[in-house]
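So that you can tell them apart, the chains are marked A, B and C in the order they are listed, and the count of residues begins at 1 in each.
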């Protein structure tokens, strides 16, 4: 009796196109909305929330119990969802539009939390800044700026990193050496330093921050993807695909690429948090987002001058919001790493 | 008087794959100055027995039952701090791999002096002197200079000598040696065996020598206990067990020693593999590999039976008859 | 060993040259420095004169070669704002940053090692988990945020420590240092703690992983068999083993500590070279930015080299192959 050879699977993971399509659509939507006028389209924002929930659910399908292993995971996931909702629907939730100068009253400047407007029509629950802007509204809109800048920069950097990383791994030889030397060179310098230099060269601006944050991050993804691609390329299914005479393009896009992406997802979650921190640091230093579109970092910087005289609320509350968003993303990312990383799973 | 008496010792490992009963009801006793050879294949529970005596079983393992009476005191019930005071002092241990047992980044003197000072509040100078005399006892040349060296500057055999010297530092009543010569070259192995035998005789220290090699035990031990699947299947005077093994498993172990049988004859092997400890067969654990097993062996586990001359066996069909001479 | 060292030095020189190219084309070619140098209502003749004086009328490659030539002689131009040599300016501000980074590094070890070792010892218990969750916060908190909070608590509310500025300094070999004066040290504590927090989280994670790995080694079990106390096992046997990799990483992180000092120094108005950099960026004082960058690159390269060499000295196992045993 002759033994039947076991067929080699062409891919070692079932690849689902859906999450990638949703991710791409969300990137475009975020991009359009962040730079468009005031994020006015409500249906688009509802769609983004659905997309966010869909991706999260897709990532965790069948692994919910593993992810939610304790109270910390519930609190982190819950607060992340809450903050995303707050950022998306700031228009509807915020008592004031902080970008609309007609709504501000300079007479209401630097009021402590709980103060009301002169006519008593509105309460400043978290106080006001020096221009009489409601801090709570500023935080909600600032949260949106911080989040969207970080998400766009991270996703675009990831796309560039994936292309470069796969290209380097596939091309090999001198191309690979040069590309990876470049990556090593960039990564040997702290991201804050590179970003500062770029902003020094570009000048401040929303688009410039995003570009600087992309340049800072791409190398990190390129290195990770090249590593994964190299180890994937050695596996049998790639050989099998090559043996079948499939075109290179098809092997890369249908076989290599989908298998390189799952490890990136975990990294990019944590990387979004790092990017928020980096952007807020740049804005705090005065070389980040413009004054017309304050992010949380810039709000903190604006209030910082008054903090030593005891008017803590202008910096403190945006600071708490920044901590909440960064910590919840990091905690979720930490749980994701434990849940999704097959090497750690027993 | 017995230094150590182990009664119905049970050490289990609580793994994801189920509870592994690595040691499942082991009994033995050891008199002052006596050498006991604890023999078995890897996975038979012999090392776990040794570690259980010192209460050094790593999680997920745990001593779950039985008594470990050291000079009448039950070690299994002793608080951790008192157990620490006994370890390295009254009961010492020598490990299998000398390359791993010494801390690579600490000098030998640090590792020896701390062993003395953990139990005796003596000066560093006095501790150092004791370390030097222990090193010269195990045959390390110019011990005073060697004390300042790091472990990697010693060969494997020398490192094991250092480990033995550390075990001897506080003049223990009992030393548990877990395959201390397995990782060494054969020539060094026999040197160390001879030295340990002399040292044990001179100091009157009782010794438990754990090994998979019956040939090692032959020249060294007063008594032998053969372990299989967490239980002792045969004990007796070394000569008796080696010349007239009563358990089929002992026979198998003896058959796989070269030079024991006739020249030109093939070494016999025990058929099959060491059992999966998480799923032991219902009857005698050795039955699936035994040439002599019948239906009864596969369903009931045999109990321990006394034979003549302090001999005990756990077999339904012993090869030496109970009470009779072989 | 010597071959390795030479290769490392050659690599470093290559990195320095590459950075020189990037810095020159990155900072000098974007925008027109004349706009900052000359008032907007200057006459075309004045503009031309200034261009010629700074050499901006030359072709790019000539400008680059001049830049490299001057840089090799230790001249990176004059500050537009201060009118001083940019290198002198950086050197003047550098000690304040270096002492801050050094104290930060010490704090991060003092905080991170005990926490990490304990977390590794109690890895599966709530204590270990709590420390690890805490370290995520340590990673998450932005530097300036921590500084702000510390000022609010210890300077504004409790009034234990001064909030901003540098305080007294002591001259050591002609260098002004705060670390040796009591008053100066008080001013340093909060900024150094701020700078230390991120690295302390890193050290905690490294120490925990190292401890977990070391605890299952035979030498730990053997030490237990000797009757050595758990405290001594953790803080002598385990610690000595994990210190080498941790110190290596920390040495490499000293560079990023200097970079992150930019944020901390701004929060605490600490007169170091990070604050100088931010001020120069805001006033577009290019020579100072370039000088800062080139000096930082130099510091990075030196740190990497020194860490490599120290590592071979620290580890007795590596040392022997070097022939010193």
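Rule of thumb we're sticking to: contacts are C-beta pairs under 8 Å (C-beta built on N, C-alpha and C of every residue); 3 or more make two chains touch, one makes a residue touch a chain.
Fair warning: this is a prediction, and the values are worked out from it, not measured in the lab.
Peer 1: Find the most central chain, measuring centrality by the gap between its CA centroid and the centroid of all protein CA atoms shown.
Peer 2: C
Peer 1: Between A-C and B-C, name the chain pair that shares the greater number of C-beta pairs in contact.
Peer 2: A-C
Peer 1: Hey, how far is the Cα centre of chain A from the one of chain B, in Å?
Peer 2: Roughly 58 Å separates the two chain centres.
Peer 1: Averaging over Cα atoms per chain, report the distance between chain A and chain C in Å.
Peer 2: 26
Peer 1: Taking each chain's centre as the mean position of its Cα atoms, how many Å separate chain B from chain C?
Peer 2: Chain centroid spacing, chain B to chain C, equals 54 Å.
Peer 1: Under the stated contact criterion, what part of chain C meets chain A in this complex?
Peer 2: Result: residues 15, 18, 26-27, 30-31, 133, 136-137, 139-145, 148-149, 151-152, 155-156, 163-164, 255-256, 259-260, 262-263, 266-267, 277-278, 281-282, 289, 293, 296, 300, 304 of chain C touch chain A.
Peer 1: Write out the stretch or stretches of chain B touching chain C in their complex.
Peer 2: Per the stated touch rule, the residues are 54, 56, 58, 84-89, 92-93, 95, 97, 100-106, 110-111, 114-115, 118-119, 150, 152-153, 163, 166.
Peer 1: Help me check something: in the complex, which residues belonging to chain C touch chain B?
Peer 2: Interface residues on the chain C side: 216-219, 221-229, 232, 236-237, 240-241, 244, 315-317, 320, 325.
Peer 1: Note which residues of chain A are touching chain C in the complex, please.
Peer 2: So the residues of chain A touching chain C come out as 72, 185, 188-190, 192-193, 196-197, 199-202, 273, 277, 280-281, 284-287, 297, 300, 304, 307-308, 310, 312, 315-316, 319, 322-323, 326-327, 330-331, 334.
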